[in-house]
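One structure coming up, written as structure tokens, with questions to follow.
Which chain is which? They are A, B, C and D, in the order written, and residues in each are numbered from 1.
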């Protein structure tokens, strides 16, 4: 209706700006979801559909976003989700994303499929005061030696936790990618992938090398770092994870990219939080596009939230500055939402924000 | 589908006509809401979604709209909501709005951010027979002296109540305004604002000067006029207000302009009315666009309703006549709806209109 | 998507064809509803949203549509609703409609605002074998003498029941009509209206002359014909009607033309049927556009159904033949739906069609 | 948004490609539904709306699709639904469809209205290793001699079951077909239809020759093959079928082609499965367009699923290869969905996939 200024005022604007910078192949890869993208859309809609009940006349100062997570206190409950092949979007790749996260006090979860060596990212940000958590994400690809070596590299470089992705043993049925098949440019480094590249193709081969609960037990026993499992939706899986002593679970459906019609993250989060019952950290990843969404996630039991595609949108059109602006918008909106709900700090947030009594 | 005549037949027509008179900046300021405008849209939809159950063969004459409020009886349950900077829309500004309200027997709540001195408005309408309530709205901006001085000015001028807005300690995340940033013309007078202008900027500064429950206690004890709190959604806040002895609460989400995904006014009203339980007047403000909406609000426990943007739409394209026509449409529709529900007067309205048994 | 043949295959096609024959004023008058037309749309959607559960392997012949109503048995449960000013649509006016109804075994409810004298209609069809019920609709306009005289004219002419419309003491807020104000051509006869024409204008005057329960008691005691009340939605009004001994109630919201956001007819029908509890005939009028809708209405407790606008659509573009085709489509669809639900006759229809157990 | 490649990536693409090959008459015949096509649309939407809850870290290999049905084990739970007049779509007609099914391990249900003699299909595929079930569908057209002769022909040719369609004693109200009336080319053989062609026309004649429960009892007692009833939605009919000892029931609303607003197949399936309670095989037909839909059907109690229109879409634009690709997509998607839900084989599927606890 109205002419739109160039500078983005919300995350949807960043997405629009990013699209103009992407090839159809990259757009399909980063923005596509599984099948009819029902879950991808539901992730967003489910957060928006939850009401927030404001409270009045309670605050005397700006809310404090300080967030305890895995034994330390961080400036913010927000982390950048692990996302592959950021070099396909911007030459600064994961360095830009990590810099943005660090500058905003947000955490950074580096993807095993990053194009930047994990050591470089750690050098850039591990010593930064005011940064958020620095975690490393990996898949178990059937090679325990490689998994353990990566875990040790990450620990030595200064990462503080391992995030094992468990919800994508196979690629998922991604119609958009099939329409626009493509791969990241071959020139991009893949500094954490097995050599030679895992040749697994086909459902059976992929599943034969995928992680199982036994692998989790094994990794728990050997890992030099606390272990979180990413991609838990079913409360029974959350219970099993807690029984095995993991440090945390991340509620996620892989951004709606793997199994279409899986429940939205907002649907699964309270069930997982109830199942965990305080035995581990609970985080959530998927569909968060507003500070109000983050407040709702925390109210439903999350100790922190991961933000994925929006950070890439900022990266794609404006590098580190764009990624930082996305995080800035979210944190400003979160603080405003907390202020309007009369919440002085993260500890004050609970399900009472979402319904009277 | 059909050609549309120039003369508006409903409030939506007034909105369409008004839009043609507004700059993009004024349109964003007056018509925009917070973030994705989910709450702004929900305000309207929630009223429309409530069914009204007609009753037949009961009336022998037109229904009577006479409405008791704060100890007096008024010709109508409708008041014009407090809205800032009406001089940006029409040179007659608040004088036109107040004249329209008075002519229709509706109440007028003058905004602290009006461009017309409160005394002028009172001179125009306080002595009019058949007018509605005349109230003054203010924010507490951290300066008790200024607040009390304003309250005394209002009392001396003939205002009958103070409306303290409590739901907007900060500006809210208004994407439309950010796309079309603008300010009211500098030539417009701001006759009730502190001098020098409150320099507070930033979330923390704004919150440090915003009202708290302690300020309400203080103002209750000093105010020369009955005090209503505007912007209550949570029943717990309504209970606190009642315990402090306020004269009334106004259920409002600030027209969906402050916290997006806050509940619609129709959702919050019955909870607040139940919490107040007769201890104070209950009014509601937000999303009312039809006489049927007003009847539903009264059925859900409101003693009066505030109408905001539609009055400005009338003002913007046709001055006092336009604003009066908006109020006329609403009151005519309300009377028709009461007639068709077999309700002879305001006292006959209760929740039985909304569901059999 | 596909080119559409000229001959209508369903009632929506008749509506499309009719629109091409109407002036904007006539279109607004006949097809418009109250305010935002929420109830008008809900009438249709509510029938469509009710599921029908088919039964198999039960029938050995076509279902029988014979329908008992007010002590006689008729060929069909369908009646043409009373609708005013049919001469504005087609020169054959109510004669065409009545002929179509008679030919299809449907009933005819002649409107007091017909342009054809009630005696002419009776002469045309009262002796037709295989016709449906012949009823006369009237408003009580504050003049008992006129009401009684009309009732006696109708009885003498051969009408079998009176239908007193009780849901429209005032005109309703009809935005479409206000945009396209118009009146039926002055040349059209108004053979049943008081002379001089009732001059009542304005809400109060209209309500002072409108019927009340006392008028119903009076008319019950004097009427030479059984009396039905048309426009009952609230079960409490249905109970009152039964206590006064009326012959029947017609669930209707006047086609969504009077009070917008009144409940859909499908919502009100089962409540009214339960309240009546067999003490009177129950009919329903509003939103029926398919034979499946009629089956659902009968399953929810209606003994007969009234069809309004669709018959006028047929009339408008093709006279008696068009009106007959509309009734034919509905009855054919009703018979097919009964066959597919394993229902041999009208008596076999109950709420079990709408949900297992 | 993006240019679309020619090669289909999902069943919707096959539908789009097929449409370009069809005359309006054939499109209406094969793709149309009853009336407003509410049930046809609901069939699809209902499957999509059911959530699937993934489980993680459980599988060590690809899931196994082996499916027990009527006493044998087959490679897949998928069968091609019986569909008439495939020669209207492609010269290879049912031979192409049967070949595709056989190649993919899917079952084939040959329609009595096929254009290819049942013996030819049996010759083509009955001896194929790795094929699925081979069943023959028929209507009982009032001629027991013809029905029994067909059943014997099917048994002798190697078919393994009879599928008696019970939900379409009449044609249904098919608006699309009425707009584009047409018949299959007369040159197409009708090798299983009575000679002379059943002259039944009109509702009554069709119902007089349609099957009843007595015919089912008779056919059960004489049939050389196990008998399934296709077109059961109501659990009471399922119970009757089980009491008569049928081998199976197929939940179906005839693709939404017969009674509009009948419940979706996903709505009816769990009620039928509960009513059958293990006494017979339960299959479901209607609206399945994704492997996730099939998994949900199996979770709701189906032992197998029938896929109809999508196979014809593949056939229409690419013959046997197209039909095979449709089946391949479904089975690949089913296997992926099972893998992501941690289901090693068909026996592991139950309602727990659809909701935690």
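Assume contacts are C-beta pairs under 8 Å (C-beta built on N, C-alpha and C of every residue); 3 or more make two chains touch, one makes a residue touch a chain.
Going by UniProt, the chains are A, B, C, D = 4-hydroxymandelate oxidase.
Because the structure is predicted, anything quoted here is derived from the model rather than measured.
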Count the smallest number of chain-to-chain hops linking chain A with chain C, moving only between touching chains. 2
Farthest chain relative to chain D (centres taken as mean CA coordinates): B
Call it same or different for chain A and chain D: same when shared residue numbers make up over half of all numbers used at their interface. different
Rotation angle (°) superposing Cα atoms of chain C on chain D, nearest 5: 90
List the centre-to-centre spacing of chain B and chain C in whole Å, with centres computed as mean CA coordinates. 42
List the centre-to-centre spacing of chain B and chain D in whole Å, with centres computed as mean CA coordinates. 60
Could you tell me which residues belong to chain D and also touch two or more other chains? none
What pairs of chains are touching here? A-B, A-D, B-C, C-D
Complex interface listing, chain B residues touching chain C: 2-5, 9-10, 48, 50-62, 290-292, 332-333, 335-337, 339-341, 356-357
Using the touch rule from the top, collect the residues of chain C that touch chain B in their complex. 24, 27-28, 35-36, 38, 166-167, 169-170, 172-173, 175-176, 178-180, 202-204, 207-208, 210-213, 215-216, 229, 231-237, 253, 258-263, 267-268, 271
